[in-house]
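Look for subunit A in each of the two complexes below; its partner is subunit B in the first and subunit C in the second.
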Partner chain A sequence: MKVLVYPPNSLILTDLVERGGHEAVALMREIGEHVRDAEIDAPPLNVTEEDLKRALRYVSVEEPAGLKGRIGLLVPLLEEAEASVILSDAPPTFGCMGCAVADEFFKFLIRKKGIPTLEVKYEGGDKLEEAVEAIMAFLARLSQEGKATKSEKKG
Partner chain B sequence: MTRVAQISCGTEYSGIQWLFNDIAEKVGIDLVYPEMELSQVDAACKGLGFTAESPSLNMMMARAVSMLEDPTIKGALLLTCFKCAEGTIVKDLVRRYLHERTDIPIISYSNVEKPKEIEIYARLEALATLITRKSLLMREKQEGITMGIDSGSSTTKAVVMKDDEIVGAGWQPTTDPRKSVDEVMETALKGAGLKRSDIEAIGVTGHGRELVGEHVKADLNLEEVSVIAKGAALLTKLHKGDATVIDIGGMNNKLILSRDGIANIFNLGGICGGSSGRFLEVASHRLDVDISELGQLALKSKEKHDLQSYCMVFGIQSLVVTLASGVKREDVAAAACRSVANQVYENQIQEMEVRPPIIFVGGVSLVEGVKKEFEKMLGVDIIVPPNSQYAGAVGIATLVSGV
Partner chain C sequence: MGIETRLILISPDSDITPAQMKSRILSLISEDVAGIASADVILKETCYGALVEGEAETVRAIVREVRHMDEHGIFSKPRGFPIGDTRVCRATRKGGPRPGFHQLELEIGLLPKVREALDKIG
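Moving on to the complex of A and B:
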């Protein structure tokens, strides 16, 4: 299953999703495609007017440009995701979009999409192990549900 | 007085609340804050799926939920501060939330320090019409012989209708509104083979409707939003279900979401001439082509070029520079059409969920290049009905037959 991770640039969550046997939907790929695109010349992230326009499907034109740019980058991830793992209150080093409003709004968009979603709070220390266990259990359930759906289709 | 819920954040601190109250009173609206308990705020945020950092925005969501339980409220006005990122999100969420649960008309606006009185007036007046004239707006057929006049800021249009058919029409650029209307009335009557005394009732709409209405002794005078939505439904014969109406005129534009031919959410442009027919007129002049041929010229374009600005001044400057750099006229014509379509999309269409079918009316609907750009942008076919430039005149001619 395609599992969206949030924060969307979290290497740890991406790694956990892949270990759980799923495809991680993360920002690194989207950014990678942007920066490798030889046709675009808008360093450092190659975010262009088109990205901001794409965000307009979800946010108003009144929103500040930085918020539109962030949501514009995240829109393809949202539209592709079949499930998601959201880690709230994580420190910036864990993964971060750097904008509290974009952060809250994107989490809202994920919830509104109605896909299977696990929300875990980052509490650090020993609690982090519990969070990892919860994530792995969620990913295992997704695998089982995926198999069940496939066998239902076959039947 | 009609009770309209004000669901807002920041109007008191922006120093503009008095202006809303003042204009509301003039158009017969009693602005009220829906009653709610502070204990309901958390549940409301959960219901809408979003909790804001600003408590006032959370209260705004609670008022929206509470409003649905008050049957005396007939409309809603949503207001948050311009450029408030969270406020804009909440305003949009509330609009969608209400729209899914009620058919009452809703308008939204952004608080700025010096709001233009005319903009607020136009919105509240349209809201009042949609609430108080609903039974008239339900009319789906013109009867008898009536005349509809649309005294627009750029052109004046008139139609004579007989038994639900247009039998005469006339239009011309608006100069002195009274002189222009006399001339278009004469043209429309001549086309219909009728005399003024044959006309049973006259309706007026458009910017100049007050002056013109008095001049022609109109039987009905209505603002444009409700009339254009009705006109679009009549011209397409799509009287049932949802529709989106795009109206781009000579100097302003409107985006209206309608249900059963009656507007219920709308967004008015008019801040910038770059998204109006006037921009295309100036572009045609620079391209040395008549405005009626600009759209066809744009359809011949094979190479994409964009203008560097949407602005009437700098966009046209960019157009001249593009022409001087050797770009073909058809590619520049397409760029001008794209510029208008893009600006309408960014400032208006994207703020609402577009509900098919999309009906394009107003003078600019006759410029095929703009229709094509909208279709590419939205990925759906757009209907331009016959006589699309007469949507306002047809709407008011039909409505006045029910007075």
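Moving on to the complex of A and C:
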């Protein structure tokens, strides 16, 4: 199953999702496609027209340019995701969140999509163990549901 | 799948050193585990572990094998920029921290806690 991690470039979340046997949908792959695109002069500073068109499906045209650019970059992750893990209230150094508005808006878009989502609160390094246990249990449940769905389709 | 660059990081409480990890990856290439030898793989040793670049499937096979060295102490994530990209190189950006350094620094500090949790789960 494709599991979106948020913050979208978190090392710990990406690694846990892969350990849980799922494919992590993370920002790094999207950035990788942008920086290897020959049409872009100095990525990731340049936002392409395609990014803005994608953003305008979700964001009003009056919104600030920064928000549109960030959402345009993040939206492909949302469209690809079949489940998500959100670590809320994480410090800015835990993973890139763009700006506060983009952060809130993207989390809203994830919740609105209606995919299975686990929201864990970051309560400091000492309580990280509980968060890791909750995430691994959620990923195990996703694996079981995925297997059940496959067997239903076969039957 | 295309080309993928991956960071392989060693938890600070692990007994594995980046040099040991690099040697293991080089031996995987020479032993041709999972067809790695025939693929173009770029490897760079770093202070926190290593950077590996190549075909996505090959890179993932390397990560799977390297994890056996310390199952709960070796972590990995993809990286957007290729190895040696001048746009994020400190030398060409006239110094300052590498983009993403502060995020990596915080998360590496938390890895021993993640290991404890993974050990409990088993």
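Observations, loosely collected:
Keep this in mind: the second predicted complex is superposed on the first by the 150 of 155 C-alpha atoms of A that agree within 3 Å, B and C clash if a C-alpha of one lies under 4 Å from a C-alpha of the other, contacts with A are read in each partner's own complex, and residues count from 1 in each chain.
Just so it is clear, contacts are C-beta pairs under 8 Å (C-beta built on N, C-alpha and C of every residue); 3 or more make two chains touch, one makes a residue touch a chain.
From a predicted model like this one, the values you see are computed outputs, not experimental measurements.
Look at subunit A after the overlay: subunit B and subunit C fit there side by side.
In the superposed pair of complexes, A:56 makes contact with subunit B only, with no contact to subunit C. Once the two complexes are overlaid on the shared chain, A:28 sits against subunit C while remaining clear of subunit B.
Between subunit B and subunit C, the partner in contact with more residues of subunit A is C. Using the contact criterion defined above for the overlaid structures, shared-chain residue A:67 touches subunit B, although it does not reach subunit C.
When the shared chain is aligned, subunit B comes close enough to touch A:112, but subunit C does not.
Of the two partner chains, neither subunit B nor subunit C is touched by A:3.
Legend: residue contacts after superposition of the two complexes on their common chain; A:100 is shown touching subunit B, with no touch to subunit C.
In the superposed model, A:87 makes contact with neither subunit B nor subunit C.
By the touch criterion defined above, A:78 reaches neither subunit B nor subunit C.
Superposing the two structures on chain A brings subunit B to within 25 Å of subunit C, judged by their nearest Cα atoms. Common to the subunit B and subunit C contact sets on subunit A is no residue at all. Listing the residues of subunit B that touch subunit A in their complex gives 49-53, 82-83, 85-86, 88-89, 91-92, 110, 345-347, 350-351.
Within the complex formed with subunit B, the subunit A residues making contact are 53, 56-57, 59-64, 67, 100-101, 104-105, 108, 111-112.
By the touch criterion given at the top, residues 3-5, 7, 9, 75-82, 85, 87, 100, 102-111, 113-114, 116-118, 120-121 of subunit C touch subunit A in their complex. Subunit A meets subunit C in the complex at residues 9-12, 14-16, 18-19, 24, 26-32, 34-36, 42-44, 91, 93-96, 125-126, 128-130, 132-133, 136.
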